[in-house]
Each structure stands twice: as C-alpha cells, then as structure tokens.
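Order as written gives the chain letters A, B, C and D; numbering starts at 1 within each chain.
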Amino acid sequence: MKLYEYQAKEILKKYKVPVPAGAVAETVDEVRSATAKIGKTVVLKGQVHSGGRGKAGAVKLAKTSDEAAAIAHDLLGKTLFFAQANANLKVNKLLVEEALAIKHEIYIAITQDRTTQRDILIVSTKGGMDIEAVAEESPEAISKTPIDPLLGLTDYTARNALFAAGYDKTLIAKTVPVLKALYAAYIGSDAILAEINPLVITDDGAVIAGDAKWLIDDNALYRQIDLQSFGDSSEDDPIEAEAHRRGIQYVRLEGGNIGIIGNGAGLVMTTMDEVKRAGGAPADFLDIGGGAKAESVRNSLEIVLSDPNVKGVLFNIFGGITRGDEVANGIIEGLAALDVKVPIVVRLAGTRAAEGAAILKQTNLVPAETMQEAAEKIVALALKN
Amino acid sequence: MSILIDKSTKVIVQGITGNAGIFHTTLMLDYGTLVVGGVSPGKGGQKVIDGRVPIFDTVEEAKKATGATATCIFVPARFAADAVLEAADAGIDLIVCITEGIPGHDELVFANVVRQKGARLVGPNCPGLLTVGQANIGIIPDNIFIPGPIGVVSRSGTLTYESVDALTRAGLGQTTCVGIGGDPFIGTRFIDVLPLFEADPETKAVVMCGEVGGSDEEIAAEYIKTMTKPVIGFIAGLTAPPGKRMGHAGAIISGTSGTPQAKVDALKAAGVAVAESPSQIPGLVKLALGL
Amino acid sequence: MKLYEYQAKEILKKYKVPVPAGAVAETVDEVRSATAKIGKTVVLKGQVHSGGRGKAGAVKLAKTSDEAAAIAHDLLGKTLFFAQANANLKVNKLLVEEALAIKHEIYIAITQDRTTQRDILIVSTKGGMDIEAVAEESPEAISKTPIDPLLGLTDYTARNALFAAGYDKTLIAKTVPVLKALYAAYIGSDAILAEINPLVITDDGAVIAGDAKWLIDDNALYRQIDLQSFGDSSEDDPIEAEAHRRGIQYVRLEGGNIGIIGNGAGLVMTTMDEVKRAGGAPADFLDIGGGAKAESVRNSLEIVLSDPNVKGVLFNIFGGITRGDEVANGIIEGLAALDVKVPIVVRLAGTRAAEGAAILKQTNLVPAETMQEAAEKIVALALKN
Amino acid sequence: MSILIDKSTKVIVQGITGNAGIFHTTLMLDYGTLVVGGVSPGKGGQKVIDGRVPIFDTVEEAKKATGATATCIFVPARFAADAVLEAADAGIDLIVCITEGIPGHDELVFANVVRQKGARLVGPNCPGLLTVGQANIGIIPDNIFIPGPIGVVSRSGTLTYESVDALTRAGLGQTTCVGIGGDPFIGTRFIDVLPLFEADPETKAVVMCGEVGGSDEEIAAEYIKTMTKPVIGFIAGLTAPPGKRMGHAGAIISGTSGTPQAKVDALKAAGVAVAESPSQIPGLVKLALGL
C-alpha cells in the first residue's frame, strides 16, 4: 500500500524521526492558516502517489500567507502530469511545511532486499538526487548494508553504513539516532520501503526528514489497524481498484485484447505468454486462486469483461484443489448474469476436468485440450470478431 | 532414492484441525505419506481422520511422542510465523509452510532462525513437495505423477502441475517435485534444491520452472554450469509488465531487476535448454537424455 | 531498584497488561474519594517493599467509602512488621483497587536466570501461594521456560509454558497476550524480576494482574528516565542509603565490629572472611573500586566510621590500577577531616605500595604485610579497645 | 604453549582513545602484546601512543587492515553492548570486555549473538587475561607474574592478583591467568576455561577462585571430576549475608542458591583442595604437584 508524504510523516512523527513543522491542507483557507501558523517561508507540496513532484510543478515555495493562498488556489484540484508515475494525477491535498535552511542533504532508505534476504539500509551522500542516477554516476557515494532481523538496526550498523558512503564524520553521532528511529518506524509500520530523500542537515545542525516515500506490506495490514485508513485507491486503475475491493488478484495490462483468467500465478503468466505467442495481446492477469468457488469465477469474469478492450476471454484451469466442475458452474453463472458479447475459450485440465467439460457442453463456449490450443483458438476468434 | 523426503519420513501437520489441514492430511495419508501426528494447541489428546492421527498441543510433544522430522504448516497467515518458529525450536528438520500471505518481516525473521537452527524451510506460499510413490507433503495433486528419472523444481504451483502433466503424458516419470514458493523470501531456493538433484543417483535430468522477479534463476544458472546433469528450464511472465505484482508477492519486475529476459539469457548461458512453452518441456528433456 | 506495587502497575498499564481499576492514596480523604470513584468493594494495600503484606495486616477489604476511610485512618503512617522483609516498615501510601471476582489465580514471573543465561518465564497454576512453597509441595504445577532474547516471548513459548504447568486449556488463548504484554513491560522497563502473583482470571473471564513485584536493573537506569523517580530508599539502612548517594559500594553487615575497606569485590569479601577467621566480625563490605582517588578513600572512611558498631577499620589494598600512594593520601585526608577514635590497620600491596607505606609512616596507623596479618592485628587492637 | 592468547595474537582495542584505553593499551604494548590497532568511530586515520597504533572507524576496517583476531573493549557501559556486537559481526574470535555496569538484558543478547557467531567472549566486568611473558589483554598488572606451570582462573580481579602474587612469592610461576568477570551473565565461565588448561601441555595445575552467587563453581566441579590435572580452589564470601549484592552484580546469595558452603562442598567432592585463605594457595599447589 502506497502512502502519501503527509501520511508517512505522521508515522515518522510517531517514532520520533524529526520532520519539518507543517500541516496537511485541503482548501485555500487551510493553506493560509497553516502558513500563518508556521510563520516563515513554507513549501507547498501536492500530495500524490509519485516522486518527481518538483519537476511536475507540484512543489512551490511561498514567503507569505497570501502567496501560499495564491499557489494553493492554483494547485488544489489541478491535474498534473507526473513523469515518474507516467500518469496524470490530481492534487487534492497540499502539505504545508516550513522551508528548511539546508546545509547538507543525504538519501536514506530501508527496504527489503531479496538477494541478501534481509532488510537493507541504503545511504547515499548525494541527497535530493534520484538514487538510480547516483548509482550510475557515483556508486562510491552509496552504501548498502544488510540489517540483522533479530538485532534490528544497531548503532554500529547505522554508523558503518554512514562511514561506508563517505558521510561527514562530524555528523555521524547525531545522524545515527535518526536512522534508528527510522528503522523503528519502518518495522513498526510493517513497511517494505521507507525512503527519506532528502534527509536534511540544517544550518543549525538539526537532522530532519525532508521528504518521505513509504510502502506498507499489504500482508501485514491486518495488524496495522491505524494505517488501514491510509489506503487510497483513487489514483489506481478503476478496474484494478474494483477487483481489489472484491478480493480478486487482477492486474490490467496496457494494449491488450484477450482477457485471461486462470488459477495460480505462474500458470496465468504462462497463459499470457502463450496468448502473445499466438499473436494476441493479454489484456490482464487474473488469478482465481486455489479452490475457487463458482461465485468468485463469476466475479472474475465480470471484472475482466468490464475492460472495453477485451475482445475475447481465455479460461485456463489446471485443477488441483480447484475443481473443474466448480469453475464450469461459475462460468455458467457468469454467462447467465452478464451480457457476454465476446468469444470465450475454456481449457480445463486436472481435477474434475471431464465433469467440467460436460457442464460446459450445453453452452456455446469453445473448449480446448491444451494451453497452446486454447491460446490459438481465442486469438483466432477474437481477431475474427 | 529421492530428495528431501521418502516413505520413511515421519511427518506432523500443524494446523491439522482446520479445513485445509484435514482435507490435505487425508490426501497425504492416502498417498502413503507417514503422517504420524498433528498439532493443534488445546486439542491435544484428540484423534482425527478416523482415529488415524493423534493430536498434540505442542510441536515439542508431537516430536517427542512420534519422532517426526518433518512438518507441514497449514495455519492461517497471522499465526504461521509462530508455527514455523515453534517447529524450528522443537528441532524439526524439514519445515514445509504452505501458508500464503505472511508479512515479509515475519518471513525475514523466521528464515534466519530456521537457518541458525540448521533446519530446512520449504516455502512459505508453496504447494509443498512430493516424492513419487513415497510421500507427499503439501497440496500437490498426486495423480499427475508417474515414477521416473526427472526432478522438478518450481516457484509456481499450477504451472508445475502443467509441466509434470506434460512429462507424464510423454512417458517421462519423476523422482521428486519441489514447489519452492512464490514469495520474495523463501527458505529453499533453486540453488538449494539443484545440488540435491545433482547428488541423487535416481534423478537423471531436472526441470526448473522460474518466473519474473528477483534473481534466483540467475544465481541458480551459475551453479548449473557446474552440474553434470542436464537442466531444462522455463520462465513464466515474458509478457509481465514492470512494476506490477503478478499474483505471487515475489513475481515483480523492479526497475532493471527480475526481468524474464535476463533469466532466460542466464539459463541459456549456463547450457540450459529453455522451453518457450510448457508443452516443449518433454521434447527438450528427451533431447537432453538422448531418448 | 525495588518498586512499589502501585509503581509496577503504572508500568503494566503502559504496556497494556490489564490491572484492576484503582488509585494510590496518601491521605484518608484520598482513600475515601478513590473508593467512591471505584464504586464497589475495594481492597486497600499498604505500599511497602515487601511481600506477605496480608499476613502483616497491611491488606484490607472495604465495602464502603466510610469503611475504607476508617481503615486508612488506622493504616496510614503505621509501622508494621513484615516477616518476608524481616523488617518494621511504615505504611505511607495505600493502593485502593476494585476487589476482583476471582475464578482462578495463577502465578506468573519473568526473571533473569543465571543457569540458562536466559530470561525465564515461570508459571505456577497455584496462584496466590509463595512460589518456593509450591516448588516443594507440587513441583508439577510449575513450569520454567527459557526465552530467546533475540525473538522475545513468542506465542508458542508462552502457550507451551502454560500447557507445561497444566493450565486450563480453555483459558490459554486469552492468557497468552497478557503474558506477551508482561514480557514487553519487563524488557521495556529493564526489569530483572517481574512477578504477578496472583494473575487473576475473573468470573467474567478477564485476565488481570492482581499484584505485582518488580525489580529494575540498576545498570539500566540511565535509559529508564521515567523510572528514575520511582527509587525510594526510605526503607533502606540509612548508612547504605548515604553511601549509595555518594556512589560508594557499601553493604552494612549485621553484628559486625570491624570496618572493612578494600579494592575489588572478591578481595573485600576475602578480607571479611579473614577478619572472621581471626576472631572478629566484619561490619561492612566496602569496595573503593579500581583506580580510586584520595577523595573517595576519605569518603569511604567516613561512611564506615558512621556505623557506631565499628571498633576498628581494616584497609586492604592490592594495587593494580589503584595506587598505594593515592590510597595513603586519602587516608591521611580522612584522618585530618574526621575525629577517628578507633584503630586502623592498613595493608598495601602491589602498585606503589612502598610509596604508600612511606606516606603512612608519619601517622599512628598500624601497617601490615599480608592480609592475614592485617586481619589478626585489627582484631587484636579492636578487642583490646 | 598457553591458552587463548600468546605473543602472536593480534589485538585491537575498542574505545582506545579514552583515558582507560590509552593507559592500558600502553601497558599492553609495553608487555609485548601485539596490539595492531584501535577503533574509535570518527577518528579513523589518526595514530596514538607515539604513532605506534593506527585508529580505525570500524572494527571491520581494523580487522581487514590488521588481521586482528582479538579485541579488548574499554568503551563505557551504555555503548559496550554495541561494541561487542560489532566485534562479533566483524568476525573477531576473542572478545574481551572490561567494561563494568552493562545492563543485564544487553548481556543476554550479546552473549547469544557471540555464541551464534562461534566467537568467544571473556567478561564483561572482568580484568581480562594474561599469558605470562607473551601477551596481556585487559588491565591485569603484569609485574606480579613469573613464568611457570600454574593456570589461574577467577571471577574477581584483585583477589586474583593477591593469589598470583602469593604463587609468585612461593616461586610458583603461571601459564595463563583468566579473569572471567563478576557479572551474573558472562561469556566465558569456569567450565569453559578448565578444559583449555586441561589440554594445555604447559599447565600442570589450576588455581580457581570463585565467590558467592550463581552455581558456576558447582557446574565446574562436575567437570573437574574428569580432569587429570589438580585444581586448587578458593571461594570468597563465606561471611557474605544472603540477599545482598557484594560489589559484583553476580555476587549474591539468592535464597538457597549461590551459598559459599555449597560451592566449597561441591569442589571438595570433586577432589579440589580448597584453601581457606589465599595465603594457603601456594602450599596446596605444592602439595598437589608433589613439590
């Protein structure tokens, strides 16, 4: 789950990571009063799920309340293009924060690393820059340090990570506690990414989180009661959002024309690949999961068909726990409830495949023996359509 | 011979009294698996499945009473980490965790603990493993297997079944099939399974099914260069877009990392015959074995 | 550092271990209003650093505010004998708590265990009883379970400890979270003992800490800012309390007549033993520590002499970091500042022992070559005195 | 021969730039100890003690640059746990922690980590260890030692010096002297040191100084029953009252546990000659060695 900067900063505050004085605002009046309360130059930052907000024109400085109000008037409700997200996103909220007197900026992130099977602490002394660009231009300015999951981020680990990135030695003692607090926030919120870019060292020596990018582990949301309300799918693809609400594993794919429904992630991906090999373009990834019941099959069909680009649907089920007859019944239910105008090819194998095939005989669905045959058939039918 | 499990492996099931636990334990028993007990805290002393399986309150008790060396975990995601830790602490050697949806932080913790205890974890979020004609720990449907010389290892469940089914239809039987799981953090990776197949005299060739995300296939490719046995590979997700999680928590292309092409290239460079479709797998196996 | 029950319960509350509704009171009026606020039968418990308060008459039930006030009038300011502490202690505060409807009582403790080098969770299903008595009479009702310091108290560890003690299986699910919260409180407060006796299961199924005994690790007080004010030495021996204030490691020994000052715990204990072998009785343990300066030597002498039972003082210094001349100067300073009426024997060995001996030649202190000789000399002089 | 350290042991000092660090490192060097570096975060690149000892920011760097296998920790109590963990993580084999007053919880944590890493911790709250004529790690005054056949192990600092001094005056020299420390939780206990002396061909007899509190002496007594070399014991605190901490955090009689009499009895039952006073130790050693 992606968080907005202002939400991430609420987490940071809870774990005593210093953040700039500030408030989130939804109206021009709120921006005006927040600016007045801060009482010095502020920065106004549009709250969207994307980086590169400065380049998109969603970050502005204001010296006075009037100036802030004018900017807010312009930005609130405006839709801007964010290159990093490759999307037009609407600015619904502004984070109003004191502008910091920046002496140094560094980049700090903690994230789960698959290679080391650890959380890693990433430090770059080139703060404010995109980490991938730094990795190419000055790799010596970056350190990546695995964190022992049982000990957590110890003082020496944090310190050594800063030394390794070539950080100013005189600033280490005051930066280590901030890194430890960040780690506590990361673990405490079940984050899979906590990125502070920049971490600002101010003219008067304070260490403050300037920005924050934060991803929460969806699998851990059950125990993050306070964070559940932070979820906001308004920027997501509407079909994906609807599938998510119904608890269906669905990913919409750009430029596709064949809807894909299968059981098991690997099989569904392989089905997508087969459709491509057969000359079609997969329009989605949809995994009905193990042991799916008729209702979820019907639901899945409805989700896939709600994409107007879909010219045909391919069901590919290899039954293990999932039973072919149960899937067939779900398809029948779906056909009855929905006004289906595109061809559907169904390939059933494994547990109760024969029973499923028998059920589907009464319909005008096209059966297939193998995945390859199914892919070829649906592409042919959909193109003909 | 076989790898990891055989008909003498004594198995307990944690979370046995849930629906999935009862259902799959019955299938495991029917296949001949030596399921010697179950664990369900508070239900110790009862028996399930027509009195065939005694229940214990703790893994420690179950191990003491039965001599079990393996466990199969079916408990819900929020209790699964604790179940893995309990099994490791009790000295279980092989911990198979079927459960899906465990928080990543919990996985990092228990993977470390299991390693420290010298135990082996398969999964989580995996279908388990099956040694043909001997034992089945997990949820793999057993009726698609026939005995033979092929070892199978895969990150995906149903894709494995598809591949095994294709092998079986082509008359190519299997030794052991290991579903290592689709999460980014799993206890047993390709690199951990391949040496076991390499050392198993009954296995003559290995089928390895990977998918987008991570670099476990690339790491495995380095090892494959040193293997004497042929490996036939398949990578799912050539059409998966970057930045999107494809069902499995681990199936995601992040930036330049985890792309399917890098995996295919690495495998080919290691001499692996990479199938473009599961249907090609049997042919490539026959070619490799000179059949 | 010992805590009073009401202080321990503040820690428990912070870590969400359920405790009875209640308040601490120092006056009759406060007891009356606390009772009224609770609005049902209350228990009044004298706050002293001792167990066995019921037997000492420091725990009373009251059905009404008037009854509570009458008891408070009687108890507050009263000094009672507490067999467990073997001391007369004054009741300055009362904890006023709702009386619980007790269905079951168990004993729970977490403490540091030297044998396993772990924290251990101790469970006894015979709640409300002294654990040592239960250990003798029904050892099968007690379980002792080591806790992995890196994992903390896991669910299964807590559960298994309860099973092992023969705890009611139907209560385990609701007791485990309380044990985990207790462990969090124990670790979070740097406790070395956290004992809940009884842990009460009420008629309506709640699990509540009835009593609490709590010891904090003195070495960790620097990071337990909130707990530092919980220290209360009013019940301690006054000379020990004064030594503690001055940062001196001093233990007063009952029935002694020879004051002991030395450097290093093992050496001081051995000096005590030698004095006993020589026919004297050590009056204290005082370790001036490594590298002691003259001032702390003078301070130590003052502490030891403030005990009127002391008929003679033995200095036994084996110099390593500690220098004989520095110690000698401290003794000279002490003699000048204090009106010393008892004999003093000084044994200096090791670093700068000769220089120290030279300094002491100007005084009437009695030198000794060995520990044994020193012990014999001081006993002879003190008895003659 | 000797145990644990000798003149070829490369040592670094953590917290070298503090007063105690500089003072004792100088003494260690003067004794001939191979001190190859110091660690003081932020002061890497400097040199101390007349340019003889280079300083590093991290233990890892120090180890890499010097090949050190041992460390001596002088950092203050609130930073000591982190220093031990850093040393263990960097792969240091022998970690000697002089620091006193470390919270017990921290000790429980790092003792476990050190054990998992396969390293050895001596201390904390100990004077360190000295191999006569070869190396001194810690704060033990070296001028009381002469070479000879006696191994010494003790929970107490100055009591050890007293005992060693008595041995030396009686012409009984020493191999290695280990101060294991006075805290309840220490990395190396009697039971860990005695087998090393038993295996050391140069050590002919062992002097072991215990004190009230805990049961390490009783545990050691069980092992002593199997030893071929004579052990001479001493227990401090016969007059220590129960329930009172005697200076050392570990020197406390709790209920019926940790009494001096139980220790004396256990040692005597194991055939140990127990001295009633340190002054008796040399005589008992001579008797045991037939001198």
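The rule is simple: contacts are C-beta pairs under 8 Å (C-beta built on N, C-alpha and C of every residue); 3 or more make two chains touch, one makes a residue touch a chain.
Everything numeric in this text was worked out from a predicted model, so none of it was measured.
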item	value
CA centroid of chain B to CA centroid of chain D, Å	49
Centre-to-centre distance between chain D and chain C (centres being mean Cα positions), rounded to whole Å	28
Centre-of-Cα separation between chain D and chain A, whole angstrom	54
Multi-chain contact residues (two or more partners), chain B	109, 113
Multi-chain contact sites of chain A, meaning residues that touch two or more partners	148, 150-151
Chain contact topology (line, ring, star, complete or other)	other
Every chain pair meeting the contact rule	A-B, A-C, A-D, B-C, C-D
Contact set on chain B toward chain A in their complex	77-78, 101-105, 108-109, 111-113, 127, 139-141, 144, 154-162, 165, 182, 184-185, 209, 211-216, 234, 236-241, 244-251, 255, 276-279
Complex contacts: residues of chain A adjacent to chain B	112, 114-115, 117-119, 132, 148-150, 187, 190, 192, 217, 219-220, 222-223, 249, 251, 253-254, 262-270, 272-277, 282, 285, 287, 290, 318-321, 349-351, 370-372
Complex contact set, residues of chain C against chain B	148, 151, 154-157, 159-160, 163, 169-170, 172-173
Touch list for chain B against partner chain C, complex	41-42, 44, 57-60, 79, 82-83, 85-86, 89, 109, 113
Chain A-facing residues of chain C, complex	150-151
